[in-house]
Every structure is written in structure tokens, then in C-alpha cells.
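Two complexes come next, and they have one chain in common, subunit A, joined by subunit B in the first and subunit C in the second.
On to the complex of A and B.
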């Protein structure tokens, strides 16, 4: 659009009025936001509900089981918010990684000439795409993870990796006397390791990844199918191995078709981490909209912060993916 | 043009805020309820002793009788209620935004809730405290044994904060799993996700008795907090707050007067006691003072019963004793404000 020149004077006039119309609409929008804000404020005042963001600096007074940064009950609420945000992002990153991996392999598997592989991939797709993701999360949390053994009969995946119904425990890594890796030790109530993943996290990770992986697999499949047949044949004719053709010829071209829809799936997956509130994983909806809202009694402010966070990260994801997309787009097209 | 946009904006802003009443200062809940002919009462569902549904689909429980108490006083019909199911997370917001008229379902009276949320408490109707349940097999016999344990709790409750305070004061490590409501938290405990579950003792006892194998669990003797439960209404409507307060007060008064569901009718006809006559609306015009009918308190006693009857109906089957909730003259904390 930018490149095209507007040659007709009439078009210029139309453009001019369009500009003013947009200005007016923009102003109206701002006015609307200000009015909503002020009306809300005065309404809350009339109701005797305190408002403002000062509560963020009050002492939190509640505990959060998983925190990536130092946090105690004495920390201010904004630190609790940061903990919740990091927990949300951690889950999102884990899910995006696993779902992409699953989607890639299943998508390629669907195109495989091996009957078993393509059928298995199809079965995966049909099962996980057609069940609501919340139900899948409940399944992993209430059925699958609850089938895990209790503390006494924990599963040792290796000497250093312990799995039971309290989570997945990783070894201690100590730097005190040189470098040493120590297995998790059993305490009275739980294993104590250097790091552990709580069952809520595991259920969400598995549930969200399997569900979204099925969508990604379809995107990947359509991406590869969009690569012209001649490209595959040309690669083979050059004497390249099928795997090399896939990696060096088909994949870079498929990526162009894959990235835009993939952005949507990533964004949906990020937003779907809020389902964590249903099974007690301490992410932003659970900690902030749940606990803090009740503690501080500031529903409007709490919701505003949460909305800004989700919108902000979604924009960021879209922007990053957009940049990546630009980089792989064919020049001259 | 600008004005039109502003007008439009203002209209939309008002639409967006339609959930909020136009202003607390002139909200009149009583008129709304009388006009509607129904009391909108918030209840937390599936809480044995407090709020359950029987085989015929009828709600019953201590909280439900609290709703019925207010409905009997205001509308003369204890069943003219529209129940609005909520969870502890949404309770206060629902009440603030006018979604319900009253929330009589186990909200602990605390300073911050009272002063910052635009809500008013209407008087303590039950004195509880926060307790713990553990598996007998775990060998835990007191809360201090729970060092290092994982504890399940419901979100947005005072329990969550009491727990943090208690363990922090004793420098005990613990891990917490916070569920959206008591039901889910207890289920997680039962599935061995946690070593202990904590909530206030009345609700805890009710839920444990209802289990298939209550003998496998043990409610610890320690109670780590005071949980005075009070009804809640929106702030800025003093008449409505008075009505709810005096409705609850009437049940305790009835027990003090010796009035029961079965004797109240006869007593109304025969009693010479001036206070009881004022209470039951035979004389004094007290109902009009509240904006209600003269027989408002009579309807409460006749349809719901006195405090002791209500307590016995819901908590005695669970093996719970009156304790702090006995009348003051029996060594408890329940005392009725005088009708004069």
C-alpha cells in the first residue's frame, strides 16, 4: 500500500478526511476510557470500596509453593505478582517448547510413507484435538497423576530422579566442596531435592502440550504439503538423502507457511495457561485474581493488572513471531 | 459532534458499569427485595452442615437457615429465596456488585474486609476456629508435627493467611497448595496430594463425617485462629444492615426467651412478658421501626426456629458441640441484644 502512489486528487481528499475521522475516533476512544475509569472510580467511592494500586506495596502475608525468585510471606504483593508472572511464563515456555516438538514430529509423521507411523500420528491428532483442553488437564491431574505412587513407594527414574504423587524431584547440585550432584533425600513428608516440579505443573504441561501439539501438527503438515512437489523431487534428484531434503529443502520453505498460524497457536497456548487456576498451580490468575483480590479487595485494579499482563505478553509474542516471519519471507515476493 | 461522542461514551460507560448500583448512598436493598418478592442469598455449595442439597433437591444446612431467617423476617416466607451459588473467591465481588442482597455463609469478620471492601458485617452468628485434618497413618498428633509437610487450603480465605502466620511465627517450613474452594482442596488431600487439609473446624468436621472412611482421618486438637462468622451486606445501606442484624439476633433472643418453633404460636397468645410481647410484635411497633411487618420475629421463630434449634438441626448430627456458641448464661458467647 505504501509503495503505491496516489495519483488522483480525489484520492488525496478522501485520504485527508479519513485521517481526520481516525483522529476523531481515536479521541473518542480515549474519552471513553477516561470516562469509564472515572465513573468506576466514583462508583467505587460511593460504594465505600477503596481503590488505587497502593496495595501492591503491602505485605503479602500468604505463601506460594513455587517461586523462581526469592519470596516469603513478608514480601510485598508486587513480588507475589512477579512470582505469579514468572510461574505463568515458565509454564508457557515449557508448553510452547514441548507442543512445538510434538507438533513437528507428528506433523512429519502424518506425511510418512510408513503406514503405522502415519496412522499413529492421525490417532494422536484425532484424540487430542477433539477433547476440550480443560478436561484433558483434569484427566492428567486427577486420573493420571493420582495414579502415581505415594512417598514410600516412589519411582526412581534414575538414582537421581524421583517421581511420586508430590511431584518430580531433581537432584541437589552443590558447589560447596567442589561440584557434586546428590540424589533427592526423603524427609518426613516429602523428598527434598534441589528442584522439583509440582504435579499441578506436570498436569498442565502435559495437557496443554498434547492438546496444542495436535493443532501444531496440522499446521506443520499443511506447511510441508504447501512445498511444491518439484522441490522434493529436485532434492532427491541431486542425490540428497530424504532426511536432508526434509531438513534443508522442505523445512525452510514450509516455515513460511507455518509461522502465521503458529503464532495464533502460541498465543492461545499462552492464554490457556490461565486454566491453571482450576488445578491450583500458582500462576497469575490463581495468585492474583484469586488470593490477592480477596486479600486486598480491589477487584478492578487486580483485573486491570492481569488484563494488561495478558495483552502485553500476547502483543510481544505476536511481534516476535512477526519479526521472525519477516526474516523468512521470500524476498521479492 | 464531540458532545454526541461524549454522550455516547458516557452512555457506554454507564452500560459497562450497569453491574454496579448507581451509588451506594441511595441504594435501598429492602425496597428491592420487597419489590422482587425474593431474597437473593449467596451460598457456598456442598459444605456439609452448612449448605447441602437433599434427595428431593431441597437445600438445607446452617447457611441455608441463615438465608431463610432473613427471608422470613423480610418477606414472611422463609422459602422466598433465590439462591446464588458462589465460591470464596467471588463472594465479596458478587456482593459488592449487587449480585446478591446478603451473604450469610461463613465469612470471617476481619478488620481489612470490614474497612476496605465496601461491605458491612451484621453480627457474629457462629464462633469457629481453624483446624487441621491429617491421615491417622501419618502419626501426626499436633500442628507442630507438620514441619515440612504439604498442606492444602482453599483460596481467598482467612485460612490461607492464618496458615502462613502460624508457620512463620514458629519458623516451620511447609509447602502450600491453594485450591479455588474447600471441596477441591479436600479432594486433593484425600488423593494424597497433601499431608493435611485446613479449614475452619465446623466445616472440617462436617466433611470428614461425610466421608466413606472417617476413621482413617484425624482432626487435630489444635485450633490456630479465631473465626467469628458474620453475615455480610453492602455498605451504605444502614436500614438493611439493621434488618439482617436483628433477624439473626432474634434467633438467639428466642432461645433466651425459651421460644421454639412449636411453642411460639401459643406463647404469642398467652405471654404476659413485655419484652417477649414486643419481640413477637404483639405490642410496641418494632416491626415498623425496621420497615417490616409486626410479626417479623415471630415468622423467624415459627419457620426457622431459635438459635439452639438451628444449631442442633445441622451440627449435632456431625457430633459438634455448642462450645463457644452456647448462650452466655451457659458459658458461651451467644447473647441477644435487648428488645426495648
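On to the complex of A and C.
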């Protein structure tokens, strides 16, 4: 790298050569981008593909089996996109909640003085962490949920919670005229009213939560173990109950060690919701990257929108967790 | 909480009292868990062994479509291993994989002579040779299209090839992110941070649909190639982050010492910085490797048949339809992946412990 003499002048020569090297690299990058852009343009022209985002306002023309906002086949494509985004976020939120709960209990279970509890927690961790998550989702979807009884012989977990091979039905708040709670009622062909989670959703929810819960349990365990022994002893010496020491002394300190790796698992879980495309749960990959891409014939725009969505949410989550992390870290460290 | 030492006694009763029945609360929890465990064990045994169908290897052997159907695995075994690879040419797959396994095993023996040369051969010459053997087309080997590859074989090929390319690219990206040249540093950072936010399935679709548009019409890359490019883009950014962790753990003194010795950039990275950084980040690298291995199952979504894809394809054969066959196939795949990942992670943590000891002895 450049001529090398001893001392300061040599540094100058190196800095200069680095400058020209950077210019060269920058030019090469720009040239590559221009080349790819030109090739893409001519390829699209050859294929007769139009460009632009106007397709978002065209009629969608396909149905979506789960929509949190009003949607029909006549709705424009951007509404379908919004439906898909909401479905993705719903799944992600459900998964984050259940996986965190599982991870917290199993992680604490690992540290239990009860041999059976700690061994079972370890068994859970080793079993679910070492099997591909897609296989687990398939197992729940194609084997476990298929074994559920049909509509006629539904399982009533309680009066309002109904489970059969079409999904899980539960009461839901109704805003139509005023405010009421709307339980599922057996209609002519299916349960009506209330809210229901389709089998695809359930399989993804269970599969992703069990898989990522195992990672979270490991994070929780090492978080609690990072709390100094003296802290536990001091808490006990103050006469606090073990559960109180866990909650008020150990947990706040463990949180500091837990948050950064937890952010990574949450992000991974959010990204993994895209596996929904494998069993056709209508989230952004199956609706937008799949169906809309085939119908609209605007590959570049469709891909750009999905990439921006995933990158945007990931950066948002990273930013929020970073702020939370800043609040819990010790001042002066 | 542990009971006082005075009440502890030796032998099984003492162990039980200490670990399962140390208090009323603990005793209750233990009993409930034991009950549940016994129930689960009985149900599992019933489902996996007693109620399962064992005899035969034809679809007629599984008259009952709901109970577990092991003949399905026996009948479709070759397909699970090799996909649609022509059976006359399967020896090539066996030879290639066996050679790789042998080289790997030789590397694991610590007192192996010429270990350095074996490593160099495995890293530099083996991958292209194996690809040539599998793909054929020259020097008298019949060509075998990659669309025929599948099963366990495809899982291994994708994992191995992607990891091989990504490790090299990842090291370069990690070094680039540390570079003193602002442009290189920024470019690498943006590249890594962006791709880290994208799910593998989305990137697979992006590459499959966009790559042909980016390339001139006369360059054609098949589905497997595109899938591997997508995997390699993600894997290299993950590995770059792993290596960066190792690079940051080195003290500045190491960099300064290398420069004081008069080593240039390439020499200092190759002989001083990278050997130490890679050793530190080895656990991270292995866990990424395990992640990649598990993630190859996603290939079935884009119409490539890895191990899980082959099982899925075989289970959708109308002759074998039923949850019993599907479940048997899944259990087979699960056992395979579980064993491989468990052994890999155990080996990795053993290596980590050994290195910690080694480093503690060195300082």
C-alpha cells in the first residue's frame, strides 16, 4: 500500500493512495448500479412490463381469508396490502407475547432447585431449538391441527372458547352499534360472530412461539445468572420472600443483560412470520410477493415495497428496543 | 433453595429429598410433573410404537390413515436421501460426500500429520471437485441437472456451498466495516444492516424474480444457483457480524504490534488479526452454521426439494395420503435434524471450552 517511509510522511502517502482508491471504488460502484439499472430497464422493455405504483389503486379481484379491516374482492390493491401488513403484525405480536412468556417461565425453571423442573426446562430447550422451525410449523399444521374434531363435535374449552378443525373461536368486542361483547354462536354452517383464528394462524403461532421461546429461555437464564450472588443474598437477608427477590431485585438487573439479545430474537421472530407463505396464511409474503406480484406484473415495485416494509419495521423495533435499553442501563456505565 | 447440610444424607433417598422434595411446595410440583410426564410417556409410546404400522413397504400396508405409518419412510428412503438423482449415478453422490466426511474426520484428529494440507485441500480444492462430480457434463460423466437434486443430498450441498462462500465474503465484509476508508466502511455497514433486516424467504423471492432482470439475457442461473445466492447474501452478513465481534475483542496492542513489526495490511490481517479474531468468534460462526443448516428447509417454498421438501412431496402422493404418513415423515426429518444440530452444538461448546483453557494457559 503506497511507498512506505518511516514516520509521518509515509502516513501522508498512504492517506493519499487511500483517497484515490476510494474514488476508484466509488466510481466502480456507481458504474455497477448504472449498468444493472440499464440492463433491468432493457429487460423490462423486452418483456413488455410497465413500471410505476399506479397498480396499487386498481381493483384487487382476489379474496383474503382473514382481514382485520373491511376488505372485499372489489377493494383496491393497497387495501389488500394493508390487510396483509396487519395480518403480519398480528401474528408477530401474538408470537412475541407467547414466546416471551414461555421463555421467561422456562428460563427461570432452568434455575430451579427442583431437579425435575430444571431438567424438563433443559429438555424443552434442547428439543425445540434443534428442530427447524418450518418443520415444527408443518407438524402443527398438517398433523396436530388436522387431528382436531370437525365442526359438529367441537371442543368447548369454556362456553365461549370453541376449538375445531376450522380454528379457534372466541368472543370479541363489537363496535357496530355502540359497544358490546360478541360471543361465537353456532350458525347454519359455521360459528358466527366473535372472532376466530384460522388453523394456519394457530400453527404459526404455536410453532414460532415454541421455537423462539427456547432461545428466549436461554437468554433469560443467562440474564439471571449474570446477577451477582450477593444481590440474591442481600435480598434474602432483608427478609424478602424468594419470589419478591426474584421480581424486585434480580429481574430489574437481569433485564440489562437480557434486552440486547432479546431484541435480536424478536427481530428474528418478526422475520420468521414470512414462513407463513409456506402454509398460505395471508400475510405480506403470500398476499403481496405471491398473489399481487402474479396479478399485477410489476416485480420491481412489489419487491421494493416488501423490502422497505421489512427493513422499516426492523429498524423501528431496533430503535425502540435501543431506547428502552438506554433507560434500563446504569447511569455512568 | 437448598436445605441445610445437616439434613442432607447420601444415597438415593438423600438425593431425592434434596432435589425433588425439599419442601411441601417442591414436593407438590414434583409429583404433578411426574404424573404428567408418565402420562406423556405412555401416550407417546402408544403413538410411536404400539399403534403405529410397521410391516410391509407398499401403500397397502397403511390401511389406517391416521395412525403412524413407518412403511412410508422405508419405501421412500432413496428419495429422501437423493431426491430424483438417477439411481445409476448415485455412486457419485456417495463418493463425494464420503470424501468430504473423511477429510472432515481427518481434520478432527489432532495428531494428524499434514493437517494444514488437509485443511487447505478441504477449503480450496474439495468444493469445486465435489461440484464437478455431482453436476457432471465433462470428462465422461453424464450431466445431472440440479433440478433432479434433492433430499438429504441437496440439504448438505446447499449448506456446505453457501457456508463456504459466505465465510470468505463475511470475513471481507467484517474487515471492510473496520476499514479506515470511509467509503468502504459506510458501504459495508449499509449493506450488512439492510440485509440483516430482511427475512430469508423474502430475499429468496427477490433474487429469484429480480436476478434475471438484473443480468443480461445471455447469462442464465438456475433455481438452485439463485437460491444459493440469496442464502449467501444473508449468511455472509451474519458471519460478518460474528467476525466483527471477534475483531473488536482484540486489544489495540495486537494491531499496533503487527505494524511495529513492519507487517503491511495484508500480512497483519492474515497472520496476526484474523487467526485470533476467528478463534474468538468460532462459537458464533458455528451457531450461524447450525442456523443455516436448519434454514435450508425453506427451499421447499420455492420449489426445490431439500430433505423436508422430499418428505412433503412424497406425502402428497395420492397413494400415501393421510396424516399417519405425514407424521412419520416429519418425525424422521426431525430426528435427523435434531441429532445433527445437537451434536454440532455440543462439539462447538467443547471446542469453546478447550480454547478458553488454552487461552487462560497462554496468558
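Here, the second predicted complex is superposed on the first by the 274 of 333 C-alpha atoms of A that agree within 3 Å, B and C clash if a C-alpha of one lies under 4 Å from a C-alpha of the other, contacts with A are read in each partner's own complex, and residues count from 1 in each chain.
Keep this in mind: a contact is a pair of C-beta atoms (placed from the backbone, for glycine too) under 8 Å apart; a residue touches a chain by one contact, two chains touch by 3 or more.
Keep in mind that this is a model prediction, so the values were computed, not measured.
J.: Return first, second, both or neither, reflecting whether A:307 touches subunit B, subunit C, both chains, or no partner chain.
T.: second
J.: With both complexes overlaid on chain A, does A:134 touch subunit B (first), subunit C (second), both or neither?
T.: second
J.: Applying the document's definition of touch, where does A:142 land relative to subunit B and subunit C: first, second, both, or neither?
T.: Touch status of A:142: both partners.
J.: State whether A:39 touches subunit B only (first), subunit C only (second), both chains, or neither.
T.: Touch partners of A:39: subunit B and subunit C.
J.: With both complexes overlaid on chain A, does A:291 touch subunit B (first), subunit C (second), both or neither?
T.: The answer is first: A:291 touches subunit B but not subunit C.
J.: So in the superposed three-chain picture, is A:245 touching just subunit B, just subunit C, both, or none of them (first/second/both/neither)?
T.: neither
J.: With both complexes overlaid on chain A, does A:150 touch subunit B (first), subunit C (second), both or neither?
T.: The answer is first: A:150 touches subunit B but not subunit C.
J.: Could you look at A:22 and tell me whether it touches subunit B, subunit C, both or neither (first, second, both, neither)?
T.: The second partner, subunit C, only.
J.: Considering only the touch criterion stated at the top, classify A:255 as touching first (subunit B), second (subunit C), both, or neither.
T.: Neither: A:255 stays clear of subunit B and subunit C.
J.: Just which bits of subunit A does subunit B share with subunit C as contact spots?
T.: Dual-contact residues (subunit A): 36, 39-40, 43-44, 46, 142, 146, 277-278, 289, 293, 299.
J.: Which residues of subunit C touch subunit A in the complex?
T.: 1-2, 19-20, 22, 26, 29-30, 33-34, 37, 66, 180-184, 187, 194, 196-202, 205-206, 209-210, 212-217, 264-265, 294-295, 297-298, 300-301, 308, 312, 315, 323, 326-327, 330, 333-334, 337-338, 341-342, 345
J.: Which residues of subunit B touch subunit A once you look at their complex with the stated criterion?
T.: Result: residues 1, 5-6, 8-10, 12-14, 16-17, 20-25, 88-89, 92-93, 96, 112-113, 116-118, 146-150, 155-157, 160-161, 163-165, 167-168, 174-180, 184-185, 188, 191-193, 195, 234-236 of subunit B touch subunit A.
J.: List the residues on subunit A that touch subunit C in their complex, please.
T.: 1, 4, 18, 21-22, 25-26, 29, 36, 39-40, 43-44, 46, 113-117, 120, 126-127, 129-135, 138-139, 142-143, 146-147, 242, 267, 271-275, 277-278, 285, 289, 293, 299-300, 303, 306-307, 310-311, 314-315
J.: For subunit A, which residues count as touching subunit B in their complex?
T.: Going through subunit A, the ones touching subunit B are 24, 27-28, 31-32, 35-36, 39-40, 43-44, 46-50, 61-65, 72-74, 142, 146, 150, 165-166, 187-190, 192, 198-200, 277-278, 280, 282, 286, 289-291, 293-297, 299.
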